[in-house]
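The structure appears right after this line, and notes come after that.
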């Protein structure tokens, strides 16, 4: 089973390039096993076109690298913390995609002003506070994961229907029901961020999407009443 | 004859990718038979590179799927309503192309400020009002089509020489004398939207295109006096 | 000799696509024979990937199509008028390239604020006034050419070292010592227009390039003291 | 040894195209030999796709072209001056990449507002003053190099952890521990410039990156405590 996950994760990492979401080696994708005991993640600093499924690093949910000569992504502790607390996240993508990162640097959430947004995310994309010096010292990447979980909890947000967050001054983390769907959501996030930024410049007072239209686009694509695509998706 | 239309519609859907008008599966193209009894449309949620003419779904003008194992695009009722009321629309393209969608989210029409615009559209690209909660409940996609027709009628616009509209908070619908020409108009719309947005930022008080130049560019390309290209087009 | 020119012009037209300067069929390139008696130009409305040297249309300097089944570009009278009055223009390119067109629609010249600009154009890129209704009626494309010549004469500009102009509400015309160099200048114009627009948004009060640096970059690349490249260029 | 450097420099110059950092022939990359007696640099004005390792020009550190039929890049004296004064610069890239050039034309430094920036550059990217008429006359490219060195010295900046500068009204110069890493830093500079410009438009008062996070991202990637990638880098 982990072999299959390695292939999925490898393929999803290569999509970072074909979807234009990555510059140099600024991005990584992971997936979790069905029993949620192990994750599979990109090795650190390896170029995407050289990646093979065998190189994908297996790390146990408590952070032990299992039988690999390669280091996992330096962001691994952040991925692990998200998997521990968000039970519907089965794949996670971290990128520095241009427009989502601009909002992260502006420390602004991305408002939901259109159906493209509503098709993937139920509401505004949240942004975290900055990490404190103490948090950075005591384990930067692990504390980043804790901050993501904290932001969802304190704002009473549901990570299942809002599968993305912006790290202040850094970049987005995005998840989904599998690594490939986490990538779909990353593609969607970048598209809506690009539109949101230009919308702010063109019409800063543009209204948010009407609640009844947002709800319609969510239910059309997700949940028991979905009728988009050839099969209903959870 | 429907075989030929299936090929045209399949090819036009694949152009969504090569013309950079589509992200994920956010777009679909259809065409109508000469007797206007059936339309051919993309199946819902199928990736563009896998599309074959056989997969294109035939739907009767009153909305019955004819002999297909695949669901048609969830936007089919909108396409049907446009075909029913706009007799010169023989092909329709729906995309979430970036800049046209930004204007839809800004709920602003696109002003005609240049000849690029005038070559394809006689005047400003209109934007609809938002659908009411009642309309969304009573049949979202069908009501979207009705709203498009209403917007043209109430503003006394001619869909023949103004083959595009922006849905408030959503994205554009574009049509033309065949599926391929609907795609040409979609390409043109995205180009003029990109220029219009940057023009608003650079020179918000830029004048509209002079009426005599707009008229000249329309007549140069369309109608009995056209002299652009190798054959005159209707 | 015209055979060679046909090949050059065909190749330069295909560069419109590879350089990302063209959408649909919105652009054309021409060249003039050494004796300046004939020009070779793209046929109207033909897709770039289908173009062959044989299809290029020969038109005499007084506007007669010579032995061709295809219509020349509808912009041919504009090209002819430029060739008649600008003796150093041996190739001309007309595009609707995005950012240059935005300045044309804004009816603003492009200020020289950097050495990238100075390497190709000695000073600001001028913009014309709009054509009058009378001019449009009496021969739109021919009058467009006359207006270009008028704009250079009235502003005492030298078309040899300033090989580009923006048509108000329309798009740029660009020329050079051969069709390929006219294309180089079109590529340069689009690059400097893209930078100029974003510069206006970032720093509207940015100073113009210092005159001594502008002069240095011109002389480094052009004229008797040029030392850029492997051969000196006129 | 110089053969190997020629191959590295040739390959790095070709990356200018694949990384979308170059238009026409507006860019060049060089490298220096281990004994710092010779540099290898692109020949002037030669298209990138035609470049071969043999064509790369060897120039001694005091500026003598060694055994080459081709002229070196006209910017060679600038490269030499940087190598003479910055002992950790073993590769240098000069481009007119769009967004970095816009900041150079705006004569504004690029603020560090995110971790993408901090991963490559310890602090704001500086911008020079303009060259004086006297400096331009007495040796434009050499004086450009002197100005770069002067700007670092006067502002007490360390070129080792801040491997980039913007030339006022011109474009960036970027360096690194080898030609390929100089290219990596050029790619990073363009990405952060693009984000910085849009950030200024979206949120001109966005805070700088917290000092403790900047320091963390530097130490994570560079120096004795680095843990990013598969090997530690100097």
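Residue numbering begins at 1 within each chain, and the chains themselves are lettered A, B, C and D in the order written.
The criterion applied here is as follows: a residue touches a chain if its C-beta (ideal position, glycine included) is under 8 Å from a C-beta of that chain, and two chains touch if they have at least 3 such contacts.
Fair warning: this is a prediction, and the values are worked out from it, not measured in the lab.
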Handout entry: Interface composition of copies chain C and chain D: same or different, split at half
Key = different
Practice task
Report, in whole Å, the distance between the mean C-alpha point of chain B and the mean C-alpha point of chain D.
Solution key: 46
Handout entry: Approximate Å spacing (C-alpha centroids) for the pair chain A, chain D
Key = 33
Exercise for the section: Give me the residues of chain D that touch two or more other chains. Expected result: 201
Practice task
For this assembly, give the contact graph shape among line, ring, star, complete and other.
Solution key: ring
Practice task
Mind listing each pair of touching chains for me?
Solution key: A-B, A-D, B-C, C-D
Fill in the blank from the handout: Interface with chain A, chain D side, in the complex: residues 113-116, 119, 184, 187-188, 191, 194-195, 198-199, 201-203, 206-207, 209-210, 212-213, 216, 220, 227-230
Practice task
Name, in rising order, each residue of chain A that touches chain D in their complex.
Solution key: 23-26, 43-46, 70-71, 74, 96, 98-99, 101-108, 130-131, 133, 136-137, 140, 169-171, 197, 200-201
